[in-house]
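Below, chain A partners chain B and then partners chain C, in two separate complexes.
Up next, the complex of A and B:
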């Protein structure tokens, strides 16, 4: 029995380990490719990138490692940084906006009763489920009307008023026991204080998970910037990476790896909350 | 874990910020700073400069009579002299001796002429006498020989007549004989009896035949002899006549030929008189050789103590006819210089404008062209060096750019233009290469074909570093 249990555990571990390795392979691919020069890369992946005959290959440890791509990326590519800070600006503004608008919205939907609440909530869910391609044209027309096209606000404003954060936070705010809030009211706290001192701390997990998920979404979003931003200097990092030519595959890999790092750090920070957030998403 | 993540994220952001700054700095270092200009309408000026020398325009020789002793030479080569300046002096004493010698020669020739005339007259007289005599001999010869010939002819005719008469006589006799013979046959039988008679008759006949033959022969011989005599007389006549005619002709020819030494002497006398006149002029000038015009002595052929020759004493450049400046230009510059082109000459401290190219000649040693400019100014002297400048302006070209904007590669010319492009960082200028066709150029400007660019295009004329197509540039004068 014990052996069976150990064997089972071992198999599970091996299997999951393999899955984890497979999952992490793209990351390792990027990392090792960042330290390869263009000659080695063209030997390995030319059939894929340049359409040459033969099969593509790979070796995880570079045979002729070089720091050229990293140095070029870090010290000689101001365009990358321009777009990096664009992404930081867009994502940061969206997150701050969502904290300002989505949090109170979720709190209101979760804790208060008012006419049309269910309809509004239903509307939120429908809007959350609609893909960007469906709403793109109407958004474009509205933004054009209010002359926000070709400015970063055309990406930021729709992100701030994203319904997914509201939904996620709603679930967490809805999970706070009413008695706690009642107790606070009885202690003389007004609604704002209840929200700030009770609701936000107790719903912190949901808030963070919403922020993490929104960060990941905003950091990697392509459609809105591509549709609404004409000038290249307004583009985000997600649009820069495809601009890199195939001759600079090593540089592109290094850039992709560096672009990945903020999302990694945010994920590491909000890992726990994210689990809870994913759980809440599943329950959706 | 969360704290580590936040820390790492913060450090990451700080690193990104620092790298942003560094990369921006590095990027600005790689951007070339360029100077750009727009094309404009211009005429392309071609300045042809060449160094050369001032030479004489006209050279002339100073001559004097030969075989005169040079006493003094006053000038040297390269010396400037005025008109009528004394160049050299001849020894007058020796000059007079020479003149006297010429006079004596003239006298001698005159006497020779007189002698020759007398001799000619005597010869004329004797020759006339010879001619008369020859004529007389001729007439006599003709007379005498004619008579002899006539005589021989008569004798021949007489001999022929004798033969004719004899032949007539003989024919009659033959006719009579035939008649007699016919009668004789009838009587032949009668005669046959007498064989003596028949033997005697052939003897008589033979004897008569022999005498007839000998007579005929003698007549024929006579004719032959007369004929020979006639022929001989005729031959003698002709020969004598021929000789007489020749003698007459000889006498006449002797009369035609004359002595030419008088004419020769006359000619020599005239020459010597002419030379004497020239020497007289020199003597009157006290032996001084002067310059005919103002100029510069180029060469001196006289030496003190030596005699003059029949070539020039001095050669000098005639300043009054002006000077000329000669320079060489290369084949590439030749297309900008034509006859009549305006020229400016500069020497040390002097400048002459509004001169014109007089002629262009090809130098056979190389492919350069020799340019000649006539000068009349007194600011410059023969032998001075000067610099010639010819400015040739082309037609007006619509599109002219500074020549520093032109780049060449593999026989193709191109320019870089700065085009504004929107990049990730900002609106930047990118250098683009445009192939152009150069219509004309000098060191400063080049005229391009009109289709190449418009007048608003920013053309990169200068850069602080190497640029190529696609390089990002910053305009120093936006």
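Up next, the complex of A and C:
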């Protein structure tokens, strides 16, 4: 009896551990590759990249750790800075835009009854679920008409009005008890004040969740910038990374690692909110 | 509260949604019944799409992909979520590890995938060591499984969190009652846990289905615009038609895909409404 219980526990631990190793291994891979010198790297990956004889391998701890790649990236590659800054600009503007537009939308849908409300909510859910490929052509046509193609606004504006954040904040705003709002109205607060002084602070968790999820989404997005940005100077980091040739594998990995850092930081800092945000889709 | 004031709150956001999504999509829907020069042509475009060979291939591959991935993802993540259910800080650490792929850019994993799955890669090295034949995962039908792996890797954590949420609302006293009655672990899982997860399962299926479209990033970065046949997905097709500006076909295909997704979302919406 005890043996089977031990074996069961072991199986569970192995399963959980194996999953964890697989999910974090790309992170460790980028980390170790960033600190490898070019000789060691090419020795390891040449069979795959250049079709040389032998088999590829990997050292999870570099044999001769070096800062060469990181230094080249930070001191000697203006392109990387440009793309990094582009990503910051695009992602930052989208998030601010969502605070301005999505937050009141979510509040209006969650706390008021008015004709057409149900239909609008349903419309928002459909839009949030549509993959980019379905709306690609329509977005292209409208951006072409207002002459925003090939400018960063072609990525920013559709991003701002993506309805996922509205849905997420709606779920949190809807959970605030009506009595609290009534009490504020009795004290003479108008609807805007109720929203700013009660809705926003009490729905804080939902707002942060939406921001965390949207940050990860925007920071790594590839499809929309690839479709709408022709000029390379406008590109975001996620689009630029695959462009780095595999000849400079160490540099490419260092670039990918640095590009990952902001997302990782947001992830670690906002993990609880991230989980609550994901959870909001299945719970009341 | 019953008040038209709500409209004022949603108006700015709603107008943006109208301008960038709703009106242009209606425009596309109209165009799907027109030739490029704007003449009405009935269902011609739809017929062209439905008879298109690339479209057939893409639809078949996409459906097959979803049918393979969804059950695999659902079972693996449920298993992890159930094991994690009553664990403390170690469980939390595991969950963090599972969620990390959400933060990793696609470009960062592509090189690793190549290193693992290439003909001279690490997986084949393992196979050789075990005395098996090597498989060229990138250039044969096996590339399909590389994509399946990518999808599971990316979505495992997300789905584990969703299952955990579903598990956490099952009242503890049902379990206690079952244990008092002498039910074993498997028995409680089958007759308490599973039935109580029906609602969650449905939501997860729909969300995972829609997330499966995002696997295009990895597929595209690994294999480009025209990948190996078995991973030529609907997303590749849309992307290629877009680059060639095949407006008429693309409009019709967008409407078709929209209708399929609409059905799924409608069912999901209904199930959410019933919950309230």
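The definition used in the following text is that the second predicted complex is superposed on the first by the 259 of 284 C-alpha atoms of A that agree within 3 Å, B and C clash if a C-alpha of one lies under 4 Å from a C-alpha of the other, contacts with A are read in each partner's own complex, and residues count from 1 in each chain.
Here is the rule we go by: contacts are C-beta pairs under 8 Å (C-beta built on N, C-alpha and C of every residue); 3 or more make two chains touch, one makes a residue touch a chain.
Keep in mind that what you see is a predicted model, and the values were worked out from it rather than measured.
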**Prompt:** Given the superposition on chain A, are chain B and chain C in a clash or a fit?
**Reply:** fit
**Asked** So, does A:232 touch the first partner chain B, the second partner chain C, both, or neither?
**Response** first
**Prompt:** Between chain B (first) and chain C (second), which does A:34 come into contact with in this model arrangement: first, second, both, or neither?
**Reply:** neither
**Prompt:** Given the touch rule stated above, what does A:74 touch, chain B (first), chain C (second), both, or neither?
**Reply:** first
**Prompt:** Does chain B (first) or chain C (second) touch A:178, or do both, or does neither?
**Reply:** second
**Prompt:** More chain A residues touched by chain B or by chain C?
**Reply:** C
**First (chain B), second (chain C), both or neither touched by A:85** = first
**Angular separation of chain B and chain C about chain A, which is computed from CA centres of the superposed model and rounded to the nearest 10 °** = 100
**Request:** Name the contact category of A:271: first (chain B only), second (chain C only), both, or neither.
**Result:** both
**Complete:** After fitting on chain A, the minimum C-alpha spacing between chain B and chain C in angstrom comes out at 15
**Item:** chain B and chain C footprints on chain A, overlapping residues
**Value:** 266, 268, 271
**Residues of chain B touching chain A in the complex** = 1-2, 4-6, 8-9, 12-13, 16, 19-20, 22-24, 26-27, 422-426
**Fill in**
So, in the complex, the side of chain A touching chain C is made of residues 12, 15-16, 19-20, 22-27, 29-30, 33, 45, 47-49, 51, 54-58, 100-102, 104-105, 107-109, 111-114, 117, 120, 122-127, 129-142, 157-158, 160-161, 163, 166, 178, 181, 191, 195, 216, 219-220, 222-223, 227, 237-238, 241-242, 246, 249, 252-253, 256-257, 259-260, 263-264, 266-268, 271, 274-275, 278-279, 281-284
**Prompt:** Within the complex, which stretch of chain C touches chain A?
**Reply:** 1-10, 12-14, 16-17, 19-25, 27-28, 76, 79-80, 83-84, 93-112, 114-115, 118, 120-122, 124-125, 128, 153, 156-158, 161-162, 164-166, 169, 199-200, 203-204, 206-207, 210, 213-214, 216-217, 220-221, 234-235, 238-239, 242, 247, 250-251, 254, 257-258, 261-262, 264-265, 268-269, 275-276
**Prompt:** In the complex formed with chain B, which residues of chain A make contact?
**Reply:** 74-85, 88, 231-233, 235, 240, 243, 261-262, 265-266, 268-269, 271
